[in-house]
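Notes follow once the structure below has been shown.
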Amino acid sequence: MFPIKLSTILIPVLFCAILSASPVCSAQSSPISPVAEKVIIDTDIGDDIDDAFAVALALRSPELQILGITTTFGDTETRSKLLDRFLAEAGRPDIPVAAGVPSPPKSNFTQRRYAENNRYAKPSHPDAVAFLFEQIRRNPGQITLIAIGPLMNVGAAIDKDPATFRKLKRVVMMGGSIKRGYGDLGFGPPQPPQPEWNILNDIPSAQKLFAAEVPLYVMPLDATQLKLDEVKRAFLFSQGTALTDALTLLYHQWGQETPTLFDPMTIAFLVNPTLCPTQPTHIRVDEKGFSRPDPGPSNAPNPPNAQVCLDSNPDAFFRFYLNRVAAP
Amino acid sequence: MFPIKLSTILIPVLFCAILSASPVCSAQSSPISPVAEKVIIDTDIGDDIDDAFAVALALRSPELQILGITTTFGDTETRSKLLDRFLAEAGRPDIPVAAGVPSPPKSNFTQRRYAENNRYAKPSHPDAVAFLFEQIRRNPGQITLIAIGPLMNVGAAIDKDPATFRKLKRVVMMGGSIKRGYGDLGFGPPQPPQPEWNILNDIPSAQKLFAAEVPLYVMPLDATQLKLDEVKRAFLFSQGTALTDALTLLYHQWGQETPTLFDPMTIAFLVNPTLCPTQPTHIRVDEKGFSRPDPGPSNAPNPPNAQVCLDSNPDAFFRFYLNRVAAP
Amino acid sequence: MFPIKLSTILIPVLFCAILSASPVCSAQSSPISPVAEKVIIDTDIGDDIDDAFAVALALRSPELQILGITTTFGDTETRSKLLDRFLAEAGRPDIPVAAGVPSPPKSNFTQRRYAENNRYAKPSHPDAVAFLFEQIRRNPGQITLIAIGPLMNVGAAIDKDPATFRKLKRVVMMGGSIKRGYGDLGFGPPQPPQPEWNILNDIPSAQKLFAAEVPLYVMPLDATQLKLDEVKRAFLFSQGTALTDALTLLYHQWGQETPTLFDPMTIAFLVNPTLCPTQPTHIRVDEKGFSRPDPGPSNAPNPPNAQVCLDSNPDAFFRFYLNRVAAP
Amino acid sequence: MFPIKLSTILIPVLFCAILSASPVCSAQSSPISPVAEKVIIDTDIGDDIDDAFAVALALRSPELQILGITTTFGDTETRSKLLDRFLAEAGRPDIPVAAGVPSPPKSNFTQRRYAENNRYAKPSHPDAVAFLFEQIRRNPGQITLIAIGPLMNVGAAIDKDPATFRKLKRVVMMGGSIKRGYGDLGFGPPQPPQPEWNILNDIPSAQKLFAAEVPLYVMPLDATQLKLDEVKRAFLFSQGTALTDALTLLYHQWGQETPTLFDPMTIAFLVNPTLCPTQPTHIRVDEKGFSRPDPGPSNAPNPPNAQVCLDSNPDAFFRFYLNRVAAP
């Protein structure tokens, strides 16, 4: 049976989640609450822009204790340098950054200039999987891994030591496309499910994760096509805090108009699960990268292997997001 | 006691409201359903852009039978000509247009070129209040008046013949600012209530309406600051139907970037009341145009004089709106 | 020797070209001047947006007598229907439209909805090459062919009857990339020459045209990357004339932000050659679609085969363009 | 007679002005050329956005030696703090900043957050006029004063010590409206001259300057309505240098869409006078702030009191501007 533990829902922080606009709740993440959730974020920051927006939300969420951030997919060293600068400018140079094994570049590293024009870059970074295992061993059963990039590091960790990997408290991932594909915003012709980027770019690792027997929460395209439109950008990019300034600069290097905040929903869900209600599902990742519900035959139904969020309220998400990330 | 009749809620059309993307429900308004709600729209179309978007939604709602459209505030004759063209291009030249008494111009008639470059303009238009009374007498107790402009016509009608005015089934108005003012979108610093445009531009008429003892449904700023952002505009303005083409052209004459769809919520509420849930309230319009809840003294509480919607889900509204108005 | 005739420069219209903002000069194209230049426009209208903007300028240029418009590349029949509607809405349904031989679709017909949602579409269209030859025979030595699409029709005409083709007065084409490639606007890193779309999509026809011994004027990327920016769009799209309304609707179907007005420079050059000064050059189109200057060996230099415009003043172009196309 | 000295034209730098894209010429301002022009910039930076873009160009122009920057109009102390940060981030904290006498706020200090969220702000700033006089006495006849704000400091200096003020080499100002008013971009209906902001906000000081008998170069609205459109912004704001990052952040605090780069033309003119050709004119500033040419009676013509630029080529300006300011 799929081991959903009720304790993984952050009851204590619901109060703050609901009152997110209050000064207490939107305060910067230090000092960390004694009940703060220990998290590690695994990200391909630097290509699409939503990873930076996810890290920003985590930095503004006192309910989370960020043990470290690991980089995955492509030029992981430059992604780590980007994080060195981003974290330093946001006032959190203490957060460790570890780099995954690089892979051949298959994407457009849009934010390279920010990463390279960088007096905060560390000369080297520890290995991502080694860092992950070290943290798990120190905090067995306590760490939530937030996976918002292709799953190279996750797959490598499962390959290397599945038992230790299972000592994660849970994994929350942005990924998959269950009933809606890219561009399906609830108006216009429905878009059928498609292979989603984070899964498509490392299908075997995704398959391993869904079979890993770790509590898994999935935020697919169905619930994460959250558009940071012109009104929200004008608000956020004029705040003039160190954090919003960093986001503003990264946004312009990204070079497109409307960011889709796929990844930040993982953080929002952790802090306030009502922002993305999940349901137990058995998901099968096929060889083409589709992530289809697979209930199994009627007399031997598949047990759920994930809690999946199929819908969300963008307005509630953005009230939560913007009040936190824009806070002074 | 405030006479809310349950029958004013359009139970029969809820089915379509929920299934708004289905071909049956998004069909153009002809043929009109036998249970269609008889409505008259009173509008200051031509200044801000939301009136045109409200009329467009009404034209795409088979649950409504539009008996006519009346114009109010400022250059009512040019507003009527604008409607002549808009209705003709949308395939509904049969809908009567009546003009209110003109008043001194206090606003920017942004869409004047559309109105004047117009082979469909009628040489003259009947009087708005006369038209309203004629329709009420033909359909006593059956007409919903949708008021989406300053309340000159409404005030004149109440002055002239309050008994006939009370034979309206109800009034649904966009107006007021109860707990949130302009620019309060739920993020950033809260904006206190402000005098709202439709009330501010004819305060005495607004006071008469709130005292008129007609069932009154109010959609204030609190629930109607609905932003038609770049993603939604790109979708809507590329549909290429006669209706979306007309909206596209009016949008460009308006000349700003982001429309706020205040007015269309009145239509959406009529078709699907769950899009803007109301609660009974006693509203007092003061001499400066504020529209404050006034519960009265504790031992003689004021009976409610309106059903007021204080919050809405913009995403649900836009799924409803865009699926209807973009339909072929 | 390359037969540049001075008479091909429109001396009589220079007065208007310089004073383009005056009412006389910006008047609509009727009545046509007795000295008006006879032109045929060959276009792939419907994919990129600049063809429509070129036709619009031609319609507003009384110095030109448009004998007809022919369509080329891909779905030529739908392109012709698009023109049927565009010309009708602009008040010029009298201009003949002829369709080239269709070719396999290799582009994105962005403006298909405008073409198909169309009560002005003619059931069929004459053949483009036949139409061209008929017009040349009626007006030998008098017609300027304006080629603003891939050169299928041009190549077919040369193949079929090169002698008649040479009875064109001249060809003015948008095409080629001599010293600057796509995206080279004079700031940022220089972009080397690239295969340009109109040449790339039918290289053999382009080679035939450069060898056809017809006076040839070439407006390459170097002089035609003219950006219709937000300020100019706001001006143009709020004019509310039938012509600007049609451009507004097509712009939205195109679906991108900033049009590059490559093609309209051909029309501007015809009316006012100072807007794109040319110099005699020998251009060689190679098998990859590059269009390189090829001066030949020093003791046997290649005679020029084209007059090429290598630079332009965008501000002067847009003053000319916008004053004409926005005129009532 | 108006004392235009030919030597005020920067012959030595013309070479670089023409070749502005070459690495040598676009190099950062250190080391300063031995022939560099000594300048002081007087600015109301913080309201409109063009002042920051002017300072940025000066910082990237090795032909200029910036002796200091003085602030004028309204909250001069906060303007000075803004400059402290801007100069520090751009790598030039050595440039002195002096504050004019504050005046009652009449404008919107849009970039206040940037100025206040500032670890580089100096606790106080010397007096602007005292600083100006000290520099003039050290460098008599050598300093060009670049006036790009309302003329409070200029007027105060003339009042205090006109003889020393006359020891300026010259004044280059952005100001005035000779034949074209705001919004006249050469297309659309002409806009008649209007009172221009920098003159309107201190008319007596403007009158004093035009009578001060100092060589005066004027860049009015006629030549400075230079639109930084979406294409140019996308290029500039993605460069990721410290200077372009600072401009990006200020742009967003400004909060509008399209900057008009009025002020930078003063700097561009100094480096390359061909970018804004001037002609001798007698300008009269009237009591309403109009700045009209006043040739005087035919038999006693007014001698010119200024060199005025009435037209410019925006494309040439932006090639110059963007290649310099975007340089690494």
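Chains: A, B, C and D, in written order; residue numbering restarts at 1 for each.
Criterion: a contact is a pair of C-beta atoms (placed from the backbone, for glycine too) under 8 Å apart; a residue touches a chain by one contact, two chains touch by 3 or more.
On a predicted model such as this, the values are computed, not experimentally measured, just so you know.
Put simply, the C-alpha centre of chain A and that of chain C have 50 angstrom between them.
Centre-to-centre separation of chain C and chain D, using mean CA positions: 42 Å.
Counting partner chains per residue, chain A shows two or more touched chains at residues 257.
Taken as a contact graph, with one node per protein chain and an edge wherever two chains touch, the assembly forms a single closed ring in which every chain touches exactly two others. Listed by label, the pairs of touching chains are A-B, A-D, B-C, C-D. The part of chain B that touches chain C in the complex is made up of residues 113-114, 117, 234, 237-242, 245, 248-249, 252-253, 255.
Interface of chain A with chain B (complex): residues 21, 185-188, 227, 229-232, 235, 257-258, 313-315, 318-319, 322-323, 326.
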